[in-house]
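Each of the next two complexes has chain A plus one other chain: chain B in the first, chain C in the second.
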Partner chain A sequence: MRLLTHNMLSCNIKGVTNGFPLRIEAEKVVEKQVDFNADFLKNMFPKIEWKALVAAAKSMGYTDLPDQAESSMIDSEEFLKKFHHALLQLHLEEGALICPETGRRFPVNKGIPNMLLHEDEV
Partner chain B sequence: MVVGLTRSSKYIYQYLGASPSPIVAADTVYRRKVFSTMREAEAADSSNLSTLVLNEESLTHQSVTMTPEIEKKYVHRVYDAIAPHFSSTRFAKWPKVASFLCSLPPNSLILDAGCGNGKYLGLVPKCFFIGCDISAPLITICADRGHEVLVADAVNLPYRTGFGDAAISIAVLHHLSTENRRKKAIEELVRVVKMGGLVLITVWAVEQEDGSLLHKWTPLTEKYVEEEWVGPSSPRVRDPFSFKLESIPESDENINLASQSVKETVRNQQEYFVPWHLPYHRAEVSGASACALANGLARKDDKKGAVVYNRYYHVFSEGELERLVSGMDNAIIVDQFFDKSNWCIVLKKTL
Partner chain C sequence: MASRPELQAPPDIFYDDAEARKYTSSSRIIEIQAELSERALELLALPDDGVPRLLLDIGCGSGLSGESISDHGHQWIGLDISHSMLSVALERDVEGDLIHSDMGQGLALRSGVIDGAISISAVQWLCNADKSSDEPRLRLKAFFESLYRCLGRGARAVFQFYPENLAQRELILGFAMRAGFAGGVVVDYPHSTKRRKEFLVLTCGPPSLGAAVPNGKGENADSCSDNDELSGDDENQTVCISDRHRPRKRQKTNKKGKGRQWVLKKKEQMRRKGNAVPPDTKYTARKRKARF
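Our next item is the complex of A and B:
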């Protein structure tokens, strides 16, 4: 699971009003090289909830992201490279995603989050 | 053979097959009134008519996001069992889907809900795809190919609203067994894309170009107990056969009449079991088939050397997709077409 995906994921258990962002419990993190595409990153930037990305990156062991970001920063190649690394190159292979409201754990195995709910959660 | 029925069961599927059909054991008790009728019908001619009774909680109380039994048994478990074989047959990229994806702006984030074996993931190099499917075995196949995927339910996407640039739902909605679930899945697709984002949906059509296929499908007729299945304003009339069944007395003559009107209703037929033949050598690899055979969810076809599974389909009629979206206040239809026995629609999110 990449942090781009994580930034989109939200706990959808019935009744939960604040299921985002999911807290990451990282057991195994892998770095995978992805081609740098500045235009793609600029298109993603407005979608990203920045604080969640920073916290997620830290839980995966990457602390180089600035705590805050504004759109003017996407003109900086240095910033974009860090954004690229955090968003696309860090992979959570094994671990869990934890709902901030209920504490429910969604397992991540072999890089795949399982977000299916149990019958009583639906 | 009639199986145990539920106290609040809503559906009786008349399983009309030329060959003996697998009987699914439902493990609860049905209302006495209908049960006695079922005995009568069954006594008459059980070689043509087997009754598949599904244990369904009253749908008016059941959340639209709860998976009905028929989907658990005849969609989820089947795909889990056949995943590698299914994936090996799914490689041809359908031109209409490919052209839709290629028409999207470069660097788009594209969400594929019900991505199956990930056939369309990564089709456009400059775009980023995130796929999800309810079948973990199929998602594993996607992940092995390097795609960004997760296991999730298309009726209840665990995604923040408006994150995606576009979404696709290719041959997915026809596996949802109620109109409300199909509507909900469409609402989810629109919800997860941004304002102005496009959504492509394709589903199998009633109007199949290859008519010989229909002979291999098993029609299911439903007895409508609740209006949940079809809304009151729906153009689809209640199946007259189902009403007849409830009032069938014990005479053979009336049973024959029932069979006649069954043939008529097949023309309006939209619910089917579509077989999947899993070759024996493939079936042995996963242990799932042994269980499926034991549970009656699959049968052996020694002539073809395959385990035969049934997949549930609600095939769509002309205009049905349009009707499903007509009530939506946050999307408009920008294109709709029929292609290769599929009804297709493109929506644009407006609010």
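Our next item is the complex of A and C:
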């Protein structure tokens, strides 16, 4: 699971108002090569929650992202490369995602998070 | 014909390891799924600017449809309830991220982040009550509401599905409308039983110029645009006030009635159509006594 997907995921247990972002417990992180596409990154940038991305990247072991990001920074090639690396090339293979409000663990196996809710959580 | 898979078992049980493998190794299924995915992406009407978008593949299964999305250069997130199908997708090394989840529990996604959604041969599974705690209506509601929320403004959702009957199609459409979607059903090759395919095309946000429901393929294809039904339902929900004391318009009857000329004209029309019509005689449209 890439951080792109993690940045979109929010806990949808019944009654939870603050289910984003999910905290990452990383057990196994893998780096994969993905083609660089500046257009995609510039298009995605406004939708990304930057703080969540930085925190997630840190928990996966990548600390090169700047803490703050303004839209003027997307013109910088260097920034885009870091953004690309964090967003698309870091994969969480094994670990868990934890809901910030309820503490519920969503396990991640082989890169697939299990977001199935129990009957009482729907 | 074999019975529908939806009537045999819940999707996570029906698509076990053996079935998942069989499904994905059938060249016929691969071909059909690719064709459906291509058509769905076409109906999604993403801007043709070469910018990759972030799409959802709902009920992605073993990634057959996701591969079409990747071929078009877009990023995608796939959701499926069957662990076996997702395992096959992993083996095929698909480019999109996979999430093991149940669409009837709602999509666990933030608001307004998705640029479009497709679903191939999946949403009809929502209409079955598999567990005793399931209620298809609640599941449909949760699914469409969460989908509406996570789609960005102007984004579309295209579902290719196999409704069991008219009632099921209306049910799904109804919940989509209630969640705030506009749109309708596009039917490709409506007159061919084999090739007929239905696509539910939903749009978010106010309808724009480009948001007219597209036409289906095939000769004499109509887009069964249920736009009217979608908006008409709103009208039916208004309260009717009946006033007994308001004078009713009397039905105006033409005392002249329909004369001989009219009858002769009608008989000629029927003859032209090919119906068996008695010949015209002096007795045709003769004035009869009031009590015939």
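Assume the second predicted complex is superposed on the first by the 122 of 122 C-alpha atoms of A that agree within 3 Å, B and C clash if a C-alpha of one lies under 4 Å from a C-alpha of the other, contacts with A are read in each partner's own complex, and residues count from 1 in each chain.
In this section, a contact is a pair of C-beta atoms (placed from the backbone, for glycine too) under 8 Å apart; a residue touches a chain by one contact, two chains touch by 3 or more.
Predicted model, so just to flag it, every value in this text is computed and none were measured.
Chemist: Overlaying on chain A: chain B and chain C, fit or clash?
Modeler: Overlaying the two complexes on chain A (C-alpha atoms) leaves chain C and chain B clashing.
Chemist: What is the contact status of A:F40 with respect to chain B (first) and chain C (second): first, second, both, or neither?
Modeler: both
Chemist: State which residues of chain A lie in both footprints, the one left by chain B and the one left by chain C.
Modeler: Looking at chain A, the two contact sets intersect at 1-2, 4-5, 7-12, 20, 37, 39-40, 43-44, 47, 110-117, 119, 122.
Chemist: Given the complex with chain C, which residues does chain A contribute to the contact?
Modeler: Touching chain C from chain A are residues 1-2, 4-5, 7-12, 19-20, 37, 39-40, 43-44, 47, 49, 88, 110-117, 119, 122.
Chemist: In the complex formed with chain A, which residues of chain C make contact?
Modeler: Going by the criterion above, the answer is residues 50-54, 75, 77, 81, 86, 90, 97-102, 105-110, 112-114, 131, 133, 142, 146, 150, 152.
Chemist: Which residues of chain B touch chain A once you look at their complex with the stated criterion?
Modeler: The contact residues of chain B facing chain A are 63, 65-67, 106-109, 126, 128, 130, 132, 134, 136, 139-140, 143, 148-153, 156-160, 163-165, 194.
Chemist: Spell out the part of chain A that touches chain B in their complex, as residue ranges.
Modeler: Counting only chain A, the residues touching chain B are 1-2, 4-5, 7-12, 14, 20, 37, 39-40, 42-44, 47, 110-117, 119, 122.
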